[in-house]
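Shared between the two complexes below is chain A, which has chain B as its partner in the first and chain C in the second.
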Partner chain A sequence: MSTNSGDQSRGSWTAATRGQLERRLPWDNLLPDRQPYWVGSWVYVFGVVTIAALAWVVASGVILALFGPQWWHLSRAGRFFNSLHSWSVQVFFVFMVLHLWGQYFMASWREGRAPTWMIGVVTFAVSIGSAFTGYLSQQNFDAQWIAVNAKDAINSTGVGGFFNVLNFGQMYGLHVMLLPIGMVLLVALHVIQVRMKGVVPPIGRLSQPDVTREMTEK
Partner chain B sequence: MAQRSAGQGDQRGIRTVPYDLVRELAIAAAVSLVLILALAVAFSSPDVPSVTIQSWSKSDPVDFVTTANDELAGASATANYGPPYNNGSNAVQSIGPVSPQAWGGVHATVDQPHDFVINPLKQAAGNDSKLGDDVNVYESASAGQRAKWHDAYADALQKATVDGSQLTVATGDYGPVPEMLNRLLQLAQTGALDGLLISSNHFYQTDYTKPLLFMNDGGYLAGLAGDQHLTGSQWGMMNETGLYPGQTWLWLYTLWYQLPPFNSAWASVTDLLVVLMMVVLTLLLALVPFVPGLRDIPRWIPVYRLIWRRYYREA
Partner chain C sequence: MDQPAGYLHAGFILISWPNLFLIGIMLVIFALALLLPFPGHAADDQTEKKS
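Our next item is the complex of A and B:
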């Protein structure tokens, strides 16, 4: 039997996982306090504001979910929190689209960052689905009209019997539970990938090292 | 601003500057909260009350009864819709042999004559023997006889007059249909039909498929939507009631519905075409890093020189 701890941890999935995390995502990468000098544009703020707005979307949504789907029709406080939820969604999308276009014109997928871009696009698509189920969960005329209109497009794909936009319970469940969890996990994965790879260098830079990694491998 | 190269071991000499991510996130959270609060206080949010079977039948009883007559006659949009509600074909979209709607099959069954009209009337007939007799006469009549009653009644309804909860039409051979549908109108106007349409023998209910399809078969709901600029030809999916922005991020999806041939020659399959196109476009967006041309546009349109102007100025 081996006596030292290194031998004891050999073959341990836990130790291997910890080692991978320490190598691929050290704290200096996850929360760096320095950035390359070219990081100095408002474009870099769009992603951060998107995350901030998502936090307010989730926070206001949690309050609405706590009090139930009728609350915001029946009380001033409920109406106010619904307004917060609605406008935080608008702010979230505005800055997410600005972030997307900003990253596009920076060609941010370069040098091994394609997965980061692709997960960002998936997050965008899931966000649209999440917002869509939210509009269907409003329990007002807008929700009714969106449902009867959207059914034809959903039905044309053959999934209408399983994703029934006229079924409030199904849409509400997806909106308050599954889709938000998916969104938050995707955003977390997106951010972790950004931090693992570091910010993309300017287009045309002759030598394009993984800046952040170098900063931590000193 | 303090500057240094990226670490002592950095042979490439990348200069770095302090950057406080956490403070940036905190400031972004505070500023966005102020913005959201201001928007919520200034503009609130839309909440036009939902339409009920009761409000529909009170506001436009002729439309309600005409729709109910169509449901019984099998002449409504729902009656001939197709999957996932029934085996009709009017709303089934296909491109050549590709028809995912037909492949999907019937999984949210709606039997509109019984679900929307006959079953609610039978429940109401528990304490109304005359209504029970009318329903029995109707159900025991031949299909041809029923069709004649419905066609004649549909024509008569075009000149119907309304007196309270009663519709009056010219005298004709409509069988028991006017009595049945007048009683259905009464049920609707009292609000009872709203409950009967979703009861399904369950106490708890959250599935509004049947009442929504029923209302959508009439003209009342679409009329209200048109007044609120929400129809498909008015960029409907993007809009909300009032002047609120709605789902503006669906602009590209909605755009196709405004353009020929999507809204003309291809109108019968527009939904399927648009959904497939948006799936392809979304995949293209996800795969931009690998698509020649798309991935090169940022180099051709030098927005990046603005974003990294400091770098290029110093380089």
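Our next item is the complex of A and C:
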């Protein structure tokens, strides 16, 4: 029976994907209950604070999108959620940069972790785009001022034909839909990469699989 | 509050005081994260040394 089902699944992309996932991302790695001892440092908290701030950004952004510009400018609750959105973005960027400093000085791209690093770089770039389109979506004079000042710089790069900062609909659509979805997917991919490869060990120290192998050999 | 921020202008360096202040706070947080002990870390470290 098992041979038959094995034969039947040969050539199936779902079976191949399942096999790849089972090999590369077992449940123990995806949802670990223990971490190596070197993770016991406040430096490793920066990443999770960034994710927590992103959750606040998304949640407050959903509320703002539900009620609209008049509400977020004129009502007390609207101004509260507007501020919550703005300040959680500040926290997000501050802790993302602190996370970047920490990972830079640890050389976290070591031992096959380059994709994790690169996904982080792309996430940083996309989050800058999200913040910029957010400034343009405020629906106030500040947003207009930023748009009018930015248009020449954007046009000089040659992307002005595709990315028109004076087009509110385009900026708002990018800000509330495409860029947040992209960012959440990238962050999820970043975390999955960390779970696949494990947290980078201190420089000059063997990684966890190497430590286990060394202990077994002894 | 509702007026442009002051700027530090020293040679080629031009930065607003609020931005400079924020970078200073970030450096302090980073230094504290390196220096402050993490709860439970010492116990785990000893466990590893015993094994």
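We take it that the second predicted complex is superposed on the first by the 202 of 218 C-alpha atoms of A that agree within 3 Å, B and C clash if a C-alpha of one lies under 4 Å from a C-alpha of the other, contacts with A are read in each partner's own complex, and residues count from 1 in each chain.
Here is the rule we go by: contacts are C-beta pairs under 8 Å (C-beta built on N, C-alpha and C of every residue); 3 or more make two chains touch, one makes a residue touch a chain.
Everything numeric in this text was worked out from a predicted model, so none of it was measured.
In the superposition on chain A, A:102 makes contact with both chain B and chain C. When both complexes are overlaid on chain A, the residue A:52 reaches chain B alone and has no touch with chain C. In the superposed three-chain model, the partner touching more residues of chain A is B, compared with the other of chain B and chain C.
Once the two complexes are laid over each other on the shared chain, residue contacts for A:40 go to chain B and to chain C alike. When both complexes are overlaid on chain A, the residue A:22 reaches neither chain B nor chain C. Where the contact sets of chain A with chain B and with chain C meet, they give residues 37, 40-41, 43, 45, 97, 102.
Touching chain A in their complex are the following residues of chain C: 22, 25-26, 29-30, 32-34, 36, 38, 40-41, 44-45, 47-48. Listing the residues of chain A that touch chain C in their complex gives 37, 40-43, 45-46, 94, 97-98, 101-102.
Within the complex formed with chain A, the chain B residues making contact are 3-4, 6-10, 12, 14-22, 24-25, 28-29, 31-33, 35-37, 39-41, 43-51, 83-84, 91, 93, 100-108, 206-209, 212-213, 215-216, 221, 224-225, 228, 230, 232, 236-237, 240-241, 244-250, 269, 271-272, 274-275, 282, 285-290, 295, 297-299, 301, 303-304, 306-312, 315. Residues 31-41, 43, 45, 48-49, 51-53, 55-56, 72-73, 79-80, 82-84, 86-88, 90-91, 93, 95, 97, 102, 104-107, 109-110, 113-114, 117-118, 121-122, 125, 128, 131-132, 135, 138-150, 152-153, 155-162, 164, 166-170, 172, 202-203, 205, 207, 209, 211, 214-218 of chain A are the ones that touch chain B when the two sit in their complex.
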